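Labels run A, B and C following the written order; every chain starts at residue 1.
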Amino acid sequence: METIENKKIVVPGEVLATGMDFLPSSGTYRDKDKIVSIYVGLTNVSGRVIRVIPLRGRYMPKRDDTIVGKIMDMTFSNWFIDMGCANMGVLSVREISEFVERGADLAEYFSHGDYVVCKISKVTRSSVDLSMRGPGLRKLGPGKLVQVDSSKVPRIIGKQGSMISMIKDKTACRIVVGQNGTVWIQGAPEDEMVAAEAIYKINQESHREGLTEEIASLLEKKASKNKPLTREDEEPIMERGRNETE
Amino acid sequence: MKRNDGRAPEELRKMEAKTGIIKRADGSAMFRIGETIAYAAVYGPRELHPKFMQNPEKGLLRCNYNMMAFSGSGDRVRPSANRRSREISMVIEKALEPVLDLTAYPNAVIDIFIELVQTDAGTRCAGICAAAMALADAGIPMKDLVSALSVGYLRNEIVVDINGEEDMNEGATDIAFACLPITGEVSLLQVDGEIKKDVLLKALDKAKEAAMKIAEVQRKALKERYHDKHDA
Amino acid sequence: MTSMMHDHITALLQKEMREDGRKPLEYRKPIKVEYDISPKSAEGSARVTIGETIVVAGVKLEVGAPFPDSQDEGNIMVNVELTPLSNPEYELGPPSVVAIEYARVVDRALREGHALDTKKLCIKEGEKVWTVIVDLYPINDAGNLFDAFSLAALAALKNANFPTFDKKTEKIDYKKKTKTPLPLDKSPLEVTVIKINGTLMVDPTIEEWKSVDARLTVGVLENGVICAMQKGGPKALTMEDISKMVDIAVEHTAKLRKLL
């Protein structure tokens, strides 16, 4: 059996393996005896299974993901939210924690240009339903926005939230990481900049060894010595890190 | 026979390619062949407006080819879509569509914008090369890249990648060609001028061979965006 | 407008900070001018980069009849197309009023600042004159197109040479460029100063641009004399604002001009 290099950069149409020894998985397809990449991405070989993990691309919505999105439009009963994927998310008035009177002006709750944190309740082929019922789901106040690749979100959150907790603690910022790659940061302006720098760095260099230590020293060096927020200051939001190989 | 710019019949002009040049776009690329320079940006898949154009079965691939006003070889090119650029935009869409699975994008659109900064023949083909790279750079799943070039038949000889001066030759036949590098399947074919069938088939073979060299340039450029970071 | 981004931007400004860490009167980096980006096709061309914003400019020359009121003078024309390639919010179609304003504001400084000696663009009085056309396109619109366009237009004019004009056939041979540059007399350059929540700033990002209360584009000549202005934005300016904004524009146009 031939050996396939792991974490190699490949492009669409690139033949990854020939023969029947390997099995094509996500990011690849079989063309007769060849396994071919469909992405600009990194190879991921485990046993006989070959995958290609894309390096860039729009967010693919998944049920139960927490996302940060922007209100783009509204009707009598729904808000339409841009979360950087192919279709707008739909937030129904019934899915927010407050009771909305019939015929109320929805703009009094959330209006164009507002940013909200929601949970994805349902994904169909051409629609994404959102919900704002749940701890921490809300409209976001003034803050800094950072856009990262959605594929890098697990690295930004870290194992059991270790990376993001470190950034929050050292910068004393409130941070909401949407699985769609939109990150909201609120704190002292200087600290917001430092938190953003750390997040950008993770986004850029996610594959590097020893990144956690580098981020720690960056935060140590640059973050002001503001008192970290106590847990009570923070609205709990479920942040699910994912397996990095996923 | 020597060509006007000293190239051998099967020699491509000098190529240059780069991705990620337009930060606001989901994907972008520059492709240069000789003096022809094309920029391409991809936005999407994003929601298609107006809503009545949405198709729940299949997404739309929408391309717009444009020559910048100063990019022509003679007079200033008047802005606004003309018949030529509309037809070219359409054939570019069709050249790229075979590598995409548009059924994955219900109600959505993938927009490709191509701008020619300078032209010296082969503009639609340079546009296709740039657009294919921009699509890949945007992380859109693609069965393969698409590589394109024009082939000429002039003075009883097949020449690859004709330049503007060759294109102006009396009796020159110009073939615009694009193919999928792995299978060699043809996704763009336009012939301007007289040609016998056996010569045409020979010309297409040479075009395919040359397209493989273009594909190498495209692949390299797509990887370069990540290379420094990857090795770091 | 009271969007979240607006609130964020104004909150930062209270501490004299901007979303990308700059000071109010600081430009993004890098700022650069490159020439000959379309040397085969255009008579002159340039690309300007300000931070992540990239624009290109190309100059074409045409020959035509003079205007009735200026029989011995050539003409200048500026055109802007807001390419959807450069910004997801731009759409295809005829030029929007936004594009028209960009073109007219750049045009005004070049024309009223007498960038070109239009008399030297005359081939035969009353019959044939040169028309100089500057076409401007954003490649990546990350804000501050006004300054980028103004700088690119001037750079492309500076880069341009006449093509050959055959007086017998009355045709231009674009393939044969002469060594004669355009009669560029002066270098009018524009800087746009914006005001958000009382703070005056230069080189706005896209988000800052959307939060502008008022803006003033000022065209300035090498000697510091003003040659064009355009006030924009929903709110009014005080006399004091205007005075300060002019000073800022004079200072920054001088800096930008050194890049040419």
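Definition applied: a contact is a pair of C-beta atoms (placed from the backbone, for glycine too) under 8 Å apart; a residue touches a chain by one contact, two chains touch by 3 or more.
In this text, all values refer to a predicted model and were calculated from it rather than measured experimentally.
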Item to complete: Average the CA atoms of each chain to get its centre, and name the chain whose centre is farthest from that of subunit A.
Response: C
Discussion item. Per the definition at the top, count C-beta pairs in contact and tell me whether A-B or A-C has more.
Written reply: A-B
Fill in: Centroid distance [mean C-alpha coordinates] between subunit B and subunit A, Å
33
Practice prompt. Using mean C-alpha positions as chain centres, tell me how far subunit A is from subunit C in Å, no decimals.
Written response: 38
Worksheet, complete the sentence: Expected list for subunit A, residues touching two or more other chains, is none
Worksheet item: Which subunit B residues sit where two or more other chains touch them?
Response: 46
Discussion item. Show me the residue ranges of subunit C that touch subunit B in the complex, using the header's touch definition.
Written reply: 37-43, 45, 52, 54, 56, 58-60, 62, 79, 81, 83-88, 92, 94-95, 133, 135, 137, 139-142, 172, 174-175
Worksheet item: Which residues of subunit A touch subunit B in their complex?
Response: 9, 11-15, 27, 29, 31, 34, 36, 38-40, 54-58, 85-88, 125-126, 204-205, 207-208
Worksheet item: Tell me, which parts of subunit A touch subunit C in their complex?
Response: 112-115, 140-145, 189-190, 193
Fill in: Touching residues on subunit B, where the partner in the complex is subunit C
21-25, 35, 37, 39-41, 43, 46, 64, 66, 68-76, 79-81, 111, 113-115, 117-120
Item to complete: Spell out the part of subunit B that touches subunit A in their complex, as residue ranges.
Response: 26-27, 44-47, 56, 59, 99, 105-108, 136-145, 180-183, 215, 218-219, 222-223, 226-227, 229-230, 232
